[in-house]
Amino acid sequence: MAFTTENLRTSIVRIKDRIGPIGDEMNALDGRLGDGDLGVTLVNGFRNMSEATEAMPEDLGMALFHAAKAMTAVSGSSFGTLMATALMAAGKNVKGQKEVEWVEVAQLLQSAQDAMIARGGAKLGDKTVLDSLAAIIAEVRDEDSPDALLNKAASAAREARDSFKDKPNKIGRARVYADKSIGLEDPGMAAIVRLLEALHP
Amino acid sequence: MAFTTENLRTSIVRIKDRIGPIGDEMNALDGRLGDGDLGVTLVNGFRNMSEATEAMPEDLGMALFHAAKAMTAVSGSSFGTLMATALMAAGKNVKGQKEVEWVEVAQLLQSAQDAMIARGGAKLGDKTVLDSLAAIIAEVRDEDSPDALLNKAASAAREARDSFKDKPNKIGRARVYADKSIGLEDPGMAAIVRLLEALHP
Amino acid sequence: MKKLINKPENYVDEVLQGMAAAHPETYAIGGATGRMLHRPQPVAQKVGVVSGGGFGHIPVFGGYIGDGLLDACAIGDVFASPDMNPMLESIQFASTGKGVLCIVGNYGGDRMNFDMACEMAAMEDITAVKVVVADDVAAAPPEESEKRRGVAGFVYVTKIAGAAAAAGYDLIQTQNVAQKAADNIRSIGVALTSCTVPQAGKPTFDIADDEIEIGMGIHGEPGVGRSKLTSVDTIADQMIDRLLTDKPVNSGDRVAILVNGLGATPVEELYLMMRRAKARLADLGAELAHIRVGNYATSMEMAGASITLMHLDDELECLLNAGADCPFWRN
Amino acid sequence: MKKLINKPENYVDEVLQGMAAAHPETYAIGGATGRMLHRPQPVAQKVGVVSGGGFGHIPVFGGYIGDGLLDACAIGDVFASPDMNPMLESIQFASTGKGVLCIVGNYGGDRMNFDMACEMAAMEDITAVKVVVADDVAAAPPEESEKRRGVAGFVYVTKIAGAAAAAGYDLIQTQNVAQKAADNIRSIGVALTSCTVPQAGKPTFDIADDEIEIGMGIHGEPGVGRSKLTSVDTIADQMIDRLLTDKPVNSGDRVAILVNGLGATPVEELYLMMRRAKARLADLGAELAHIRVGNYATSMEMAGASITLMHLDDELECLLNAGADCPFWRN
């Protein structure tokens, strides 16, 4: 068994069905230092992607492209753009393939992370979604069972979120309030936790 | 004895010396419905005119012109402009003369009033300084003693002010508050009373 | 009073200095008391066009000095008429032998002082005549239109008169076409917040947070009464209705429209008002032949807007589109 | 919230409709979601110049569409970056085979989305490159100048790039001269009052009646701290000092200066600021070769002002003075 367009479809639809309360939580979190639109971005993004699932091709690379395109249309917020960037990078990586071994997912995430760094200009340690990704990648490397992969990713994301809580934000809107951001969860890192939790069947 | 440049000089300087409290009172009165600048206009106007007295020619007409010119420089307020207009009209009337019989003063005031009507576009009955002038002219006609003339003028001005108090203002800034102006003395009419009172030796 | 100013008593003169500093090719300060703004050089061989009035309405009045516009302007204190002297100085500056037209807002002090200045000019053998702008339909009913205040319509009258003078019209022709423009202009404003006269130090009038006043004058003179702040479409409709009642617009008419900000209203909101106004006039089959949106006649930091319509004929349209150049208006 | 608007959710689109209604010869609305503003017709045979960014800053960004300026612009929601799609549409519209320059304010979303749009454009064989405007000296120290926000300096970069493209510069040349402009621009602002995002319905930030914030960003981002409202001369001095510390002005330097209103500040006060700024720069022996005063980059009804300096060389000065035409800027 391996990761296919069908998995992508199911994942998107599953999150879409569960995104309501996550959206509210993320708007509130983002509103404390940022502009409070992270939840809106997620809700609209998953709605758009789930509409796009209907016409998704079997080519996993192209399917990821479709998801990326759907994500670009939600808003100009950073998280949406970074997610679109990640999906596009992953898509490029597996273009022409119908599936990806589970053990290769970490590599896919790595390519996504690289693109996000290139796009957003943030560094590891800046207290962003990048730090969640880094923790996840480290944890799921060499994992070949989808269930274990998901569990490990979720707990890595939780740990990352919590361990960065008392550090200052060094990029994005929250940067200008760096001091005030100490003690607050980064909204993007918190979002990753909730999205992974929502992926549980 | 008759009215000469010397009388004009003395009158201006006398009022100038007594204008302080009148100015405050008129600012307050004008401020209730207008823009509160009537006192400033009077204070500056008599200051300018009293400076002009030093170089006033014996030709009474030219002397009145000088006073008019001094008055034009105070501000753009209606009362100042109308006073300048009045002085100019009176000056034209007696150009070339060194004196005017006291009994002709009413005529001089009449020429001033005509010019003020032409300039300001107000009618008798609009509750303005014109109504004071009308009352004064009616009262001092045929009067040939300067003291009696002044006394009669002052009491006519007081009566005019009081009898118009309960009518509405029909022109100028106060017009737009016509209803509110009922029961309030017109500042211009009140000013005439105080100026005549100040003329008393 | 939250203003970026120095001493209130120096406000007017320092702003004039700023204008001359920013645009030395357009504005120069002159006159015995520094209250005459004028072009750096008079333009020979044309009718002079001048104006004057209270301060605090930039670009009205002096801002419109420039090619195809005014030659000089008398500057009063905030919301107060200049005295006669800078008016006379303006006339003298603009006079090159062909006479001078004075464009005057319909305020008692402005009118009387310009009358006096014209008389004084006559003593120096300068022919100076007046056109009075009285475009505010909210200030008085049509029967008493001579009691109407001059507001943003000044801009059109100035543009028309300036273009006529530049085109070689003589004094009577210039006065006549300026008068024709004035006769064809109607304005109405709406105020949302007051401004503060610097030397007064407190707002000119009070208005509640959810209230507007349609027809309020640019110095805070009462309009047609207070009402609740509703949508811009509703407000624009009320304003347009008043304008149309006063002077109907018919199918095929060519009309110029100015949606003007009073100073503190963002241009975004002016565009919303324009959007509605254009739709209303298009419904009537009128052609908006000339459109302007922006702060063309202000009351310092007053929030609000006005709509001005000028009914056009070929002559007015041609003069409206003729070349003109100042920092606030260019064709 | 005292605004002349209709439904907050329609605010952006209705303002765009108003702009297109007022200036149909300049602005047209396009794009799949109506969020691309563009010239009525593309101009063949030149480098395309586009921009995009959050709404509420008119004339920034889309207002500067016009001859010698922008060809198209992506329009976001109030204070929020447009998504990638109208940016891509703008690039596509402006592309006539010579490449497209994107002028981008230094905000995360704007930058990332334009990067993505450029990549997407490349897939269609359109070469699109970026210049980032980051002129706000208050946002970060010189060592971290890449973290500075783009504010009113955008206007100059747009003017320079638009003029270069119109003059026949190729893409690299256009990008280089726009970058040179950006490198030579410094801005700083001062805020007196907040604005209100229509959909938020309450002021973006609180500020006391006697307080100002020097260096506050155009969305209310913190500046260099609150202080008491003093005289405009004192405030202008503080602003000029910061600009000069960042990039000195020397005797003989030629400099362009823009004193810009944030939306609700009367032009009278901007002239007071200009008066002081010019005196300060004249003291240094600098030549103010180009001066503008007005609302060129706003934050809706925010009260306040900014000062922008651009150090000129012959090329920049020539391009700055080259012909350009939109409702908000004309040479």
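Letters A, B, C and D name the chains as they come in the text, with residue numbers starting at 1 for each one.
The rule is simple: a contact is a pair of C-beta atoms (placed from the backbone, for glycine too) under 8 Å apart; a residue touches a chain by one contact, two chains touch by 3 or more.
Fair warning: this is a prediction, and the values are worked out from it, not measured in the lab.
> If chain D were absent, into what connected groups would the remaining chains fall?
A | B, C
> In whole angstrom, how far does the Cα centroid of chain A sit from the Cα centroid of chain C?
Inter-chain centre distance comes to 58 Å.
> Taking the mean of the CA coordinates per chain, how far is chain C from chain D in Å?
Here chain C and chain D have centroids separated by 30 Å.
> Could you state the distance in Å from the CA-based centre of chain A to that of chain B?
Here chain A and chain B have centroids separated by 84 Å.
> Please tell me the distance, in whole Å, between the geometric centres of chain B and chain C computed from their C-alpha atoms.
33
> Treating touching as the only link between chains, describe the layout with one word: line, ring, star, complete or other.
Looks like a simple chain-to-chain line, open at both ends.
> Considering every pair of chains, which are in touch?
Between chains, contact exists in these pairs: A-D, B-C, C-D.
> Would you mind writing out the residues of chain D in touch with chain A in their complex?
Residue list for chain D touching chain A: 33, 54, 76-77, 79-85, 108-113, 115-116, 147, 221-222.
> Over in the complex, which chain B residues touch chain C? Could you list them?
35, 37, 72-78, 80-82, 84-85, 88, 119-121, 171-173, 175-177
> Help me check something: in the complex, which residues belonging to chain D touch chain C?
The touching residues are 2-7, 11, 14-15, 17-19, 21-23, 56, 58-59, 190, 192-193, 195, 209-210, 229, 231-233, 235, 259, 263-275, 278-279, 291-295, 298, 300-301, 303, 305, 327, 330.
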